[in-house]
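Here come two complexes built around chain A, the first alongside chain B, the second alongside chain C.
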Partner chain A sequence: MNKTGISFAAARAAYRPDADLGPLPALTDPDTLLAACHPDHLRGSVVKLAIGANAGDGCQRELAELLQAEAFIDEADLAGTPVTDTDVLVIGGGGAGCAAALAAAERGARVLLATKLRLGDSNTVMAEGGIQAAIEPDDTPQQHISDTLRGGHHAADPALVAALVADGPDAIRWLIRQGMQFETTATGDLHTRKAGGMSAARIVHCRDYTGLEMMRVLREAVIQHRGIEVWEQSPAVELLSNERGQKCVGAVLGSLADGRLRIVRTRSVILATGGLGRLHLNGFPTSNHLGATGDGLVLAYRIGAKLRELDSFQYHPTGLVHPTHLSGKLVTEGVRAAGALLVNGEGRRFIDELLPRDVVSAAILRECQEGRGILSVRTDKTRLGVWLDTPRLERSQPGLLERQFPKLLARTRGAGIDPRVDPLLVHPTLHYQNGGVLIDVNGATTVPGLYAVGELAGGIHGRNRIMGNALLDIIGFGRRAGVAAVAERDRGPKKVTLEHVNRMRRALTLAGMPLTHKSPRLLPAYAGGAWNR
Partner chain B sequence: MSDSAAASVPLTINGTAVEALAGMTLVEAAWRGGVPRVRGVGCLEGVCGSCRVLLRRGRDVTVALACQTFVEPGIEVVFLPAPSAPRHHYEIEEFADGWDVQARFHEIFPEAARCRHCHGCVRSCPKDIDVEAAIVLAAAGRFRDAGAMFFECVMCELCDGACPEQIAPAHVGLFCRRVTAHFHLRPPNLIHRLEELRQGRYDVSGMPQGE
Partner chain C sequence: MEPLNQLLLHPDHRVGADLTRWQAHGGGSALSAAAADPAAVRELVRLADLRGLGGSGFPVWKKWDVVAAEPARPDKYLVVNGNEDEPGTFKDRLLLEETPHQVIEGAVIAALAVGANRVVFYVNPDLARSLTALKLAIEQWRAAGLTEIAARALGRPLELELLPGSGHYIGGEETAALEWIEGRFPFPRGKPPYPAQSGVHGCPTLVNNVETLAHVPHLVLYGVDWFRGRGIGRGTGTKLYSLSGDVLHPGVYELPMGTPLRELIYAHGGGLLSGKPLKAVFTGGPSNTLLTPADLDVALDFDSLRECGGSLGTGAMIVISEGTGVVKRVAEYVRFFAHSSCGQCPPCKTGTATLSRLLDRIDTGRGTPADLATLENLCAMLPNSGRCHLLNGVVQLLDSSFRHFHHEYRNALR
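Right after this comes the complex of A and B.
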């Protein structure tokens, strides 16, 4: 990548919150911009899968390596492993997993929730901006559906989008019943915001701590529920199938605490392992938590589930470049929705800030490639970015940042940066997995007994997600899968096997691919090595 | 910023000597030093409450979140194990109504009325929450105000560990916030739309509305 630009010191010295930013240049052809600058279109970024249910489909390179790899365990490892039986096994302790576990437990099922790290350590807890629900008088479910389909470049499954939207208002009511608070207006209505790609104000939120509020409430509800048992530090390392390798009947869990394996047998497995930002696709920094390593995609693919849109990822326009320890961390789109502008190193606006995220990100990358970015030199790396003009926002709406975006101020305060005075240096950051496991409206995958919900699932957001629809989908589809999993009539497995692992191994051998790579990744390899600051 | 010769900072993490660079967080220092068995790391932005550490500077001992704390020369850092399961149990759906909450609160959290004002919780909170004052409000039945004070709580449960009366302030805080929403948040715009949907005003396939 081109590493020239305007130096940070010069750009900061020239910066004025009241400077004239010049006219906004017209964007004639967003598709050309995307093709030229969006990371999904980088040469070599996408390869064709050779084996499995999506053989022949395009897939992001780093992900393909993990999908077409060998499992960590084989039958020999299972001998003598302790076995636990449960009605429903939920894998993943973020928002989607908790919603699924609660919905299943509300219907009387015995639920085991296994999660890799601490319960609630997830992408959900970091969500800032809010959650969509069409509740304002000038809004309709139909508008919400159209905005979602258009935002996703018409690649989403319309049945899933209809289900997403239908769940909106009731999902908010359910969250309130669990004890989640939302921002209200003087009349007691839920406060709504309008963000990129929306035809009406539709984002409800808890200032910029929406995910934290949601996660701590769901976490507590799960911990308190008698029907749910929680196993932390227990990553799923493989699923289990029946004798023919055709149905999912459980999982093998590892342990970050003592390294031992455990087998869980069940009628239905709900995978809710979230996204894959920590794979750092195309070398990008990420907004995601440490556990976002795409494990669920790997497990689902190995047991035969079909996936979709594996070549489409969301790079959020405003990831922080400064302060260093927050590199890649998010500044919510809510800040742009409130009026903050993007300004390049020459002090010019260059894009309508509320266009879809993929377009805005591509525009920032174009500025950086063409030498109009701001250059920040550090010990480890050189980084480019553009200004997010928060001081200008503060001038036009004094006090707004403090009232509405306390999380932003709290995070930067530690490093001596005050967004009310200092413009923020931002660059696109790997944020969200647009596609994922193919599901129906109940979260059922193409493999019987296996459900997939949350960021792991695909088809809801097409090729670009609009703000606030992820938090809605984890609650809506999480609950749907919890209900469907309980209704599963099967009497449970007679035998649990790794037949699907053998099948994948044969396919790898036939395709002449190495058996040396193993997956899932579980944790990024930062210790002792380099990490993406 | 330009720091092409960042100063080297010696410290110990879980007993391992580490040479970090100035400006690194304790998590980054642990990675750089290859410190084994550092598990409680999650969001890296101070909101998941997982990376709890004990810090020793000479005789002074404090607690903090490692991803939000920067390296200092000579500091001794110990990553703390995950907190144990909570001892107070309730299911919010089992409360009769808002009139019932205060009585139930004291049944569920009997220790909350016995705060001895030792400031242990306040000193341990990485989010500068006045936990002690909030507990006093909760014990007086002022759940909305008490809950509001816990707005930035990240459920690290460091306050729980510090409390000699085993009040479990973190869970008291969440109780306060949850009952406030559960019993008192009734937004007209949401309720109106739910009612329209119930009456079939919009043609949307999906889950049956209502519990």
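Right after this comes the complex of A and C.
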């Protein structure tokens, strides 16, 4: 990436909230822009997988290194390991994991929920916008399906989208029963909003912290349920397979607290480990929480599950560039929806701010590549960005920022920036994994006994996710997988082995690849690096 | 390395349930040859020293002669045992899936040789593809009139029946199979009477493994000398070895009976994964003795292994490399057997459960010296106190792991 641009000081000095921004240049062909500037299309960004269920498919380079790697543990590490038996093991303590655990426990199963950090440490809590459900009189499920498919460039699995949409109203009803608060109208109906790419108002929300509210009730429900045991700080280090390596029968959990391993034997495993923003693909900052290192993809791939769209990720256009400690944190799309413009280092508008996220991101990257970006103050780590013109918004609608975006103001003020006076320096940030593990409508993967739900699962959003479908996806498919996992047929204790690890070793050896790289990542390098026992 | 002498798994035979292709490669000619003089096949089997390849290694001709000598009451049964469910064994499913006609032909010839008029293909219900192929193949036999040819040689109608098993490991025991065929839970029976004298519904019954019977057609076609020449040393014919564990190329290998373990692991299996040293090999069910690197040059046939204190079993070889805990592996297998015990003999029901519990304690670091002593005492007390071989097999496995890896047990104690 070209690292030259206009210096922050010069750009800030030249900035006027009332300056003439010039005419908006016409965007003739968004596809050309995407191909030229979107990170998914960066040269060398995508490689072909050589081994495993997706051999021959394109995959993001950093992810491919983790997928085609050796496991952390060997049989020797399992000697003397305590064993726990349970009916269903849920790996992941975000919204999808909690929904799955609750659904399974409601059907009488003993559930163990293991999470790498703490229960609720997840991207679910960061969802601000809301959750989609076709509940308005002028809306239909078919419209919801069409919007989702179109938004995903028609790459999604129609059966999964149909299931997602069909679950919508019931998911809201279930959440309300769990105690979740939603915005209501004066007459007591659910309040809905319309967002980009939607043909009707469909976003049900709770102020601008819907995900946080959702996680609050799910967390309480999980903690209070007698059938669910929660293990925090217990990342899954490896799955366990039957003696032929063809069925998932448990997992090996590590402990961040004491570094010891534990074996969990179970009928079925539900992976709900979320995304991989913390792998910082292509060197991008991320909006994701600390634990989002793509562990689920690695574990599922090693046991033989098929994945999909491994070359497609969503980069949110407006992540903060500075201050450095907030790098990658989101400025919600709502700010642009309210009228904030994007301005480059030369003081010009360059894109319609309300185009789809991938197009806007590509446009910002183009400005930065072509020298019209603004260099961040912290030049030890060169960061480029463009202005998000919040002072202009404040001038046209005084008090709006204070009223509608208190979270944004609080966050930036803490760093000595006042968005009402200072434009915000923004740059696309790695936000969401569009693809993931191939599943059916029950969240079942291609490996018996293994389920995948939430951001980890693929095929629901195609190659681009529209707002509000992620929260629906985690509840809908989370509950479906929980129900299906309980029904899993089980003929008693077969062996729990690492045979699938051996299979991966064989494939690596035969492909002439090194056995030195180990995965999953578990924690980003700056948070302690590869998990070290 | 491509094996030279493939008989059972010869590419010409691996045609699945496709009667035309199978016949095009000479399939069915052994039946015609045998139909002329069925009794002579028994002599062939004796001279060829064909053994029971389901794990016993029992000379096939002995069973055949007993059944042939018994009068039909009013029926005689042949049970083709395809219940294969032992950890590490996956050969019969391959034969049934890819060479169902070969298995049927062998079974029908055997039926003629002993005068059995009811052939029951008794197959593990979890092997969906094997069941599908066999079902189709049997229908093709009926439609093509092949059963008619056999019936004429037999002098009475010949019935072929496909019966999915109960899905229990113990259902593979020959008398347990009889119980299931009679419609009851597969509890093994006491012996005697042996099935050959009084089997299904009191009729004389021959029970043979799928692989054993699959050998019969080419034995009939090519003769005793040719068959014996396929083996090495004291072994005759070929054997399907199920190789699994920490090797580069796991799989089913058809090799001369009596192939050394070293050749199987290193020449065919591609050696150990990640270049680690060999630690041990679980053989057979794995309710057998362990082989260690010292046994690498032992010939893998029934007699040679018996002489060195082991057993070939089903020909399953589960290879483990250095870095694998023997206690955990043994604990896993014993748990499997404890779960598989049918529970009718109290020493086995409680014995296997207790062994499994003690092993789990030791494996997870909670075991005391007293626990280990209890294990060893039980191994001295339990053998031969059950109707079937299950309990003995468990003890044999434990005993042999004590013999070779006692230090691992001691080190795992609290």
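Worth pointing out:
Keep in mind that, in the parts below, the second predicted complex is superposed on the first by the 507 of 533 C-alpha atoms of A that agree within 3 Å, B and C clash if a C-alpha of one lies under 4 Å from a C-alpha of the other, contacts with A are read in each partner's own complex, and residues count from 1 in each chain.
We take it that contacts are C-beta pairs under 8 Å (C-beta built on N, C-alpha and C of every residue); 3 or more make two chains touch, one makes a residue touch a chain.
All of these numbers come straight from a predicted model, not from anything done at the bench.
Of the two partner chains, neither chain B nor chain C is touched by A:Gly283. In the superposition on chain A, A:Pro398 makes contact with neither chain B nor chain C.
Within the superposed three-chain arrangement, the count of touched residues of chain A is higher for B, of the candidates chain B and chain C. In the superposed pair of complexes, A:Thr81 makes contact with chain C only, with no contact to chain B.
Look at A:Pro514: by the touch rule set out above, it reaches neither chain B nor chain C. Shared-chain residue A:Pro158: touches no atom of chain B or chain C. Judged by the touch definition given at the top, the superposed model places A:Arg244 against chain C, while chain B stays out of reach.
Look at A:Pro25: by the touch rule set out above, it reaches neither chain B nor chain C.
Counting contacts by the rule stated earlier, no residue of chain A appears in both its interface with chain B and its interface with chain C. Chain A meets chain B in the complex at residues 8-9, 117-118, 120-122, 125-126, 133-137, 140-142, 159, 162-163, 165-167, 169-170, 172-173, 176-182, 184, 187-190, 192, 209, 211-213, 216-217, 219-221, 223-226, 232-233, 256-257, 289-291, 322, 324-326, 329, 376-379, 406-407, 410-411, 414, 441, 476, 479-480, 526-529, 531, 533. Looking at the complex, you find that chain C touches chain A at residues 87-88, 90, 167, 244-246, 248-250, 273-274, 320, 323-325, 327-328, 332-333, 335-336, 339, 360, 363-365, 412. Those residues of chain A that touch chain C in the complex are listed here as 74-76, 78-83, 243-244, 491-497, 499, 502, 505-506, 509-510, 515. By the touch rule above, chain B contacts chain A in their complex via residues 1-6, 21, 23-25, 28, 30-36, 38-50, 67-68, 70, 82, 85-86, 89-93, 127, 147, 151-155, 171, 174, 177-182, 185-190, 192-194, 197, 202, 204-207, 209-210.
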